[in-house]
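Lettered A, B, C and D in written order, each chain numbered from 1.
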Amino acid sequence: MPDIFDALEPRAALSAIARDFHARGWMMGTSGNLSVRHDADSFWITASGCPKGRLNDGDFVRVASADCAELERIDPQAKLSAESSIHCVVYQLFAAVRACLHVHTVDATRVSLRASATATSLALPPIEMLKGLDIREQHPQVELALFENLLEVPRIAAAIRQRFDAQPPRVPALLIRGHGVTVWGETLQQAYNRVEVVEFLLSYLART
Amino acid sequence: MPDIFDALEPRAALSAIARDFHARGWMMGTSGNLSVRHDADSFWITASGCPKGRLNDGDFVRVASADCAELERIDPQAKLSAESSIHCVVYQLFAAVRACLHVHTVDATRVSLRASATATSLALPPIEMLKGLDIREQHPQVELALFENLLEVPRIAAAIRQRFDAQPPRVPALLIRGHGVTVWGETLQQAYNRVEVVEFLLSYLART
Amino acid sequence: MPDIFDALEPRAALSAIARDFHARGWMMGTSGNLSVRHDADSFWITASGCPKGRLNDGDFVRVASADCAELERIDPQAKLSAESSIHCVVYQLFAAVRACLHVHTVDATRVSLRASATATSLALPPIEMLKGLDIREQHPQVELALFENLLEVPRIAAAIRQRFDAQPPRVPALLIRGHGVTVWGETLQQAYNRVEVVEFLLSYLART
Amino acid sequence: MPDIFDALEPRAALSAIARDFHARGWMMGTSGNLSVRHDADSFWITASGCPKGRLNDGDFVRVASADCAELERIDPQAKLSAESSIHCVVYQLFAAVRACLHVHTVDATRVSLRASATATSLALPPIEMLKGLDIREQHPQVELALFENLLEVPRIAAAIRQRFDAQPPRVPALLIRGHGVTVWGETLQQAYNRVEVVEFLLSYLART
């Protein structure tokens, strides 16, 4: 696997992915956040309010990953997105994860709100595309974790931590109601591939 | 936020946005109009009948914003679109607005005609994407103003002025039945971002 | 209106349009035909069986427009498409027409086959986009001519001629069942714009 | 027909097609496989797990076509996809075939799973686009072979061989449930064109 994204400087790589996802309609109106782990103690993440089709190095902020409730900006110029707390928790939960990507699509949003109001997960369709998430079974039954959308994003992050601390998810992704998916991977390329897989699965569900 | 569009000469910036929106299918068959405020007294707007995928400087006209009912062309060569009167009213109503973008999509058209015949507004879905319009609430209830489509466009412009003079809209956009959305912002980039947000919201409604 | 397509050599212009339409999914698998009038007696048209995303000058044939039932190739190397007879009739019927474009889309195909089996026309939706076909009315009621698909294409061409000879169509386009639209204009750019308009209208109908 | 793909070095041609199909959403998350016959005894095929939008020469493997059950890698560095066994059988079954392309789309997946659980084929719609598969009839009734998806891919390959040995298919393609289409042709360009045709037909069915 040619890890081209991973060979680039982190901000350049995230800008390329943002341009790609924006062109697909997955990051409309400055929505979504992309991050990559910088070292054991910090990660780079897109700043708040930047149009994703045209990011440059000033549109990122490096954030300490020690405290996800009170995020500390290492590079203080850019505006921190509240959703950085979710990325922070993903890096704390999964030591091997190097990248975390969050996008908004119409299909993912629809599927998340069509689910029963009390549902805490969504059954993924038993189709071949699941192999892209390393699910290799004849009749796979796999769930995608579903979280409530709360105005105070650190509370969403805390709910994610609590749930995944108790039981790590089988699928490297989660869905927030009305808000879209967050997907992670051990390389940027892997996280990028998995976003495509998860969006395919949700698009399938949306049209069913 | 890198205001790349705003750093360009107005006609060059609008041409770039038109090419972008045309490629998405939002400005088919010469439809739609894009404008940017030139000074306190005039704005640049796309001329009538030009294919939006390939605009050049001759495809714009500068219009005085003093009288929206009897529009005066400052640069008289290009053909004035009747819809310029709507842009004119937006600039008169909102002193801080610098850009106004109008596009036609199948989804926005469908949603506008699916609404009850007497409806004067449309409930936007309570999804995260609303934050792109600066709506930050746990259970947002926001309406998009809906106007009748009239053959005499200055009458639509007058209806917009009357309504928004009486009560400024919460959302920086409006929808005309069978005709698509008009969106504005304090910079070209902001208006561009908001078009994406409003189209996402209407696409969500269309598929529900 | 910058008639860029019309300024190009005819085959270069049609190749550019073919690449554009192919990228949108409107000319899949070598489907569709594009033509432009060469002079009073002949027109250039895409040859049969060429992938539309990568045409070159050898993929066109110049055809005499005198006899649409027994088409004569002026440049005999390339393979003549049977559908050239439809283009031939369009040029014979409308002296001012300089370009004729035929594409296949899923939406147009669906709409054409959803219509009643005896229908000979389709009501277009009364939406603003109709202005792109020069229909300017408060409550427009416009029909798109619908023809049966016959294996012997010259018989379709004859049916088109008979009907439009008796009554010229209001809309510069026609739909063949299961086969897609054919659209014409007085310039290549105008025909191109009108294809976008007609596809928008049919896409609207398909989703209603 | 300008066989541009066929004029390229096989891996370069397949990389170009993969980039094209990936951009359309047909090869998400490393899914799908593309191959071209090298000689009577071997074929080049995309390796397992490579993102299709950015393939390079190291992302292919040359496979001996003598034994499809126990595939032998001639170039052993890259990881062999289990689905290579299906390509192998296609090359064994059809001596004239030079290229085989397999993609995953949401529409093809939906259609394959909407069919009755006991169905072994799918009726293709009687539309003009069928001519792209050389079906030229007034009322065509054509079936696309449908196979069960099995975790052990060589068993799918064996089922394909058994069925097509007994009765060659009329349409140069097959569909695996929940898994997408595999299409072949006597040139790369022809296989590419046919993928577009088959996806058009399935997209039509999916929306009906």
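The rule is short, and it goes like this: a residue touches a chain if its C-beta (ideal position, glycine included) is under 8 Å from a C-beta of that chain, and two chains touch if they have at least 3 such contacts.
Nothing here was measured: the structure is a model prediction, and the numbers come from that model.
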Fitted rotation between chain A and its twin chain B in degrees, CA, nearest 5: 90
Cα-centroid distance, chain C relative to chain D, in whole angstrom: 32
Centre distance in Å when chain A and chain C are each reduced to the mean of their C-alpha atoms: 45
Multi-partner residues of chain B (each touching 2 or more other chains): none
Chain contact topology (line, ring, star, complete or other): ring
Touch list for chain A against partner chain D, complex: 1-2, 4, 24, 125-129, 131-132, 136-138, 189, 192-194, 196-197, 199-200, 203-204, 207-208
Touching residues on chain D, where the partner in the complex is chain A: 25, 28-31, 49-51, 54-56, 58-59, 104, 106, 109-110, 113, 149-151, 176, 178-180, 206
